[in-house]
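First chain written, first letter: the chains are A, B, C and D, and each begins at residue 1.
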Amino acid sequence: MVIVAARELKDRESVLVGVGIPNLAANLAKKLQAPNLLLVYESGAVGSNPSRMPLSIGDPCLVSGAKSVCSMYEQFAYYLQGGRIDVGFLGGAQIDKYGNINSTIIGTYKTPKVRLPGSGGACDIASNVKKIIVITPHEKRRFVEKVDFLTSPGFIDGKEGWRKLKLQGGGPYAVITNLCTFKFDEVTGEMTVTALHEGVTIEQVQENTPWNVKVAEELVTTPPPTEMEVTTLRALDPDKIYLR
Amino acid sequence: MVIVAARELKDRESVLVGVGIPNLAANLAKKLQAPNLLLVYESGAVGSNPSRMPLSIGDPCLVSGAKSVCSMYEQFAYYLQGGRIDVGFLGGAQIDKYGNINSTIIGTYKTPKVRLPGSGGACDIASNVKKIIVITPHEKRRFVEKVDFLTSPGFIDGKEGWRKLKLQGGGPYAVITNLCTFKFDEVTGEMTVTALHEGVTIEQVQENTPWNVKVAEELVTTPPPTEMEVTTLRALDPDKIYLR
Amino acid sequence: MDSSKTMTMKEAVSRFVQDGDTVYLAGFTHMIPFAAGHEVIRQKKKDLVLARATPDIIYDQMIAAGCAKRLIFSYAGNPGVGSLRCFRRAHEKGIPKPLEIEEYTHFGLSGRLFAGATNMPFLPMRTNLGSDLPAQNPLMKVVKDPYSGDEVSVVPPLKPDVAVVHVQRADVNGNCHIWGIIGEQKDAAFAAKKVIISAEEIVDESVIRSDPNRTLVPDFLSHAVVHEPWCAHPSYVQGYYDRDNEFYVKWDEITKEHESTMKYIDEWVHGVESRSEYVSKLPPSKVDGLRPKEAYSSPVNYGSV
Amino acid sequence: MDSSKTMTMKEAVSRFVQDGDTVYLAGFTHMIPFAAGHEVIRQKKKDLVLARATPDIIYDQMIAAGCAKRLIFSYAGNPGVGSLRCFRRAHEKGIPKPLEIEEYTHFGLSGRLFAGATNMPFLPMRTNLGSDLPAQNPLMKVVKDPYSGDEVSVVPPLKPDVAVVHVQRADVNGNCHIWGIIGEQKDAAFAAKKVIISAEEIVDESVIRSDPNRTLVPDFLSHAVVHEPWCAHPSYVQGYYDRDNEFYVKWDEITKEHESTMKYIDEWVHGVESRSEYVSKLPPSKVDGLRPKEAYSSPVNYGSV
């Protein structure tokens, strides 16, 4: 997933990075095809050059040698609302076929079965960046017909609902799972399989997705990781905190 | 006027200072009765310790050794709108009996006879500080029945108009001229002579004021400058930039 | 000099934190004032409204200890690890007592504090629309943009009763410098009615005045100045000690049950008198392992003629 | 490294300032980029909308030279001296051409730029009500505060086509540091569509990265980086040269007539090719007299483990 996500990042883009997988993906892209990728962290650090893999977005190593650090409100106001961020990574407990994400609650808001951490910056990111990339394990409990709580807007009920919100962001762009890559239909805003990872069948994807999965006309197989990608990635996470 | 204005400042107050007379008055007060007076400049400098008399509020000597410097929007937002400033000094080309000030135009806005610099921060200061002190030469062309343009609100048409604006500031507090000190009637919001400077008669004040001047029941004579006040003031302006 | 402001954390919390207050312990991942939270627990303050974008471990502890009646937040997770179990136990099951919540996005909550600090009547922002959050929070409203005619989400100012802001260095009056991730520290100090500044180091006023652009807040905003080294552990202070990531991971284990949590609090909060006692209780190898390398800023010249 | 961004002021103005553009030369009294204004005059740009809180001498010169059709401002005076005579001649008498005005308070104008920089739909503020200004400026509107029901003044975002921001030091990509009075520099850079950074010194990227909290804007915001020592004279650059107060006073005399003004512009703007030529034309005693004393900031440690 890390390698597939990294490939989506282009040189000179600005990317809002969370810890874990997104951080690895962004740093991998920076070492390979996108040397001028600008890493922006929610915590206000911009252009970080982390000397090691940070556990949290508030790690001091993201500040030492960064290009700039600003306050929390400034980070959201100048960078996110300012429309300065190209790509944002999101995850969540549930996602539906229009890319709406739940990271707030399982059950109902007043009587939660499981209380999740909540939006954090997720709703703000979903509303303001040009491309949202979601990285998530492909599990039936995560892919749902309707999210229990809509934390971060995807295309709502298809592109019409999205347009009504008049958000400046571009909405969901890709969902990358351990089985496949989805992109979103330009007209309907529906999640569509565009690439299957090596050895995965469309039946496997359908089995783990509760709705009738749409498949792109030109379905491809995800190119396998190159040696360069694998070596670089391993060097980024020598203690194997994130990679098994 | 400088000495009279300085006496109005209390220890531990925060005062928004312009250059010239207000700056002298504030620095004088700080050397005498108000050692903990906090000098705040429109340019963002807070707690300045100027080594010499600055010509403009943007003088570098206001920054060297200041307690804090912030941006222009921050200065107006955190300090002024934030309600953190006790006293503000204003001047202007015209003032009426309710303390409304014009620093924008003589004539009409579309066809100006004299175009003045405009509000700058004056309207913002008038709207947000606890006490406004106006320092002005006592001339008939400055004291008018109705200002050509209302740049900075005083009590508008008496306290009723002021209350309707729901501003957080306290409004005009004193007007200090070369003849006398006015304060404002608690009920009507009208400018009222409370002290005549030594040797000045109420007739002289009336002669230079176009409306029927209100006089306080307990009219006093301004205590003459003490030797301490005079010596300290001269030391503050050794080149006599502001004092003749 | 106004040395009457300098006091111990015990004194500061006792004088400036009242039962029922809305409290903001500032710090977005960085410089979280754990020592202040522990003192609140030791002094058995109650019915507090705890506000923070990221409740983090410190509010988890205060919730477990029964100090909180309400939480205002935007991300209630253990950063980099997972859930905040005490928060969840209180909110889901009422253990040790029920916890009301008031929830925003990060932009929404940091915006409320910014609006409070700058005394805005309300703050318009490009977010929230489309989310289910506003339906659960009546303080989030919608107004019509007078320029475009579009609907815009707005939040009201947040003005805590008391804020605790930890900094790298302060003078005895409370002029202070911070660097690194500066989170919502400035906004918390300007928004709050009472401000406790705690500092790793107390320095001469001339050190602060040598670099006024680095000043977080000038002295007249603060009510108490506390010299409290290691105040933030297991959070961190850039240039002084790193984040104790190990403890953040361990907290997940400690809090599996309410009882195990209280055992920790009994030992590490009630079991010590002060932060210095807490630090001396930490293994020396832990303390040494968190000390950073040196990476000094290039100085700048503030001189005038 | 992206050295294609470094260029002369001549090149930068030629490539990024178009006739009719809304231009913001940033700097509240400090670091006003006179060199950029002079280059605009030399290149005979016209119909510009000039925006600045304080037009200062630089816009007075550009107005006299006929570059401006409209002025967006909040204080049109010669700071510490009096009037801006060229501004007045243009506005009152149409010399050399008529000048439209769009006027705010300082808070209003700096607020418009802040709203532009942070892309707010509109900005509510506690001022303007009670003043005659809103009646003369249809862009100032009133909305109802959804919390109190009171009327609140609002201003729209300002997004200039191009901003010039002068700084003490920048790297070749445009990461830059400023200190001293920081005015509206950051907001101008974030609000503008195109940004020209000019710098007293070009330094290695590592100098900027040694102190990220001092960074005004990171590199990706800027389109041009110009190494332009003494760019700001007769304004000043903290730590590099002081304000030339003498010239500010003299400007009042120079501008008594349009002709005397143009004589100055012919000699000091058209009569030189570049800022370095301008500086070498200044009396050496003047240049030496403006050099500041040293007053260095206390360094801080950004290290981590």
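Rule of thumb we're sticking to: a contact is a pair of C-beta atoms (placed from the backbone, for glycine too) under 8 Å apart; a residue touches a chain by one contact, two chains touch by 3 or more.
Everything quoted here is computed from the prediction, not taken from an experiment.
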Comparison of B-C and A-C (more C-beta pairs in contact): A-C
Distance from the mean Cα position of chain C to that of chain A, given in whole angstrom: 28
Chain centre separation (chain A, chain B; CA means) in Å: 56
Where chain C and chain D are represented by their mean Cα positions, the distance between them in whole Å: 37
Length of the line joining the C-alpha centres of chain B and chain C, rounded to whole Å: 39
For chain D, residues contacting two or more additional chains: 119-120, 125-126, 150, 179-180, 182, 210, 213, 238, 242, 292, 295, 302-305
Two or more partner chains touched - positions in chain A: 45, 59-60, 63-65, 69, 77, 81, 168
Chains grouped in pairs wherever the two touch, ordered by label: A-C, A-D, B-C, B-D, C-D
Of all residues in chain B, those that touch chain C in their complex: 12, 14, 36, 38, 45-47, 49, 51, 59-61, 63-69, 77-78, 81-84, 168
Complex interface listing, chain D residues touching chain B: 28-30, 53-54, 73-77, 79-80, 83-84, 87-88, 91-92, 103-108, 110-111, 113-114, 125-133, 136, 150, 179-187, 235-236, 238, 242-243, 245, 248, 292, 295
Chain D contact footprint on chain B (complex, rising order): 19-20, 42-45, 54-60, 62-65, 69-73, 76-77, 80-81, 104, 109, 112, 114-124, 126-128, 149-153, 156, 161-162, 165-168
Chain C to chain B touching residues, read off their complex: 2, 117-120, 175, 190, 206, 208-210, 212-213, 215, 217-221, 302-305
Complex contact set, residues of chain D against chain C: 119-126, 141-148, 150, 152, 154, 156, 168, 177, 179-180, 182, 207, 210-211, 213-214, 238-240, 242, 289-305
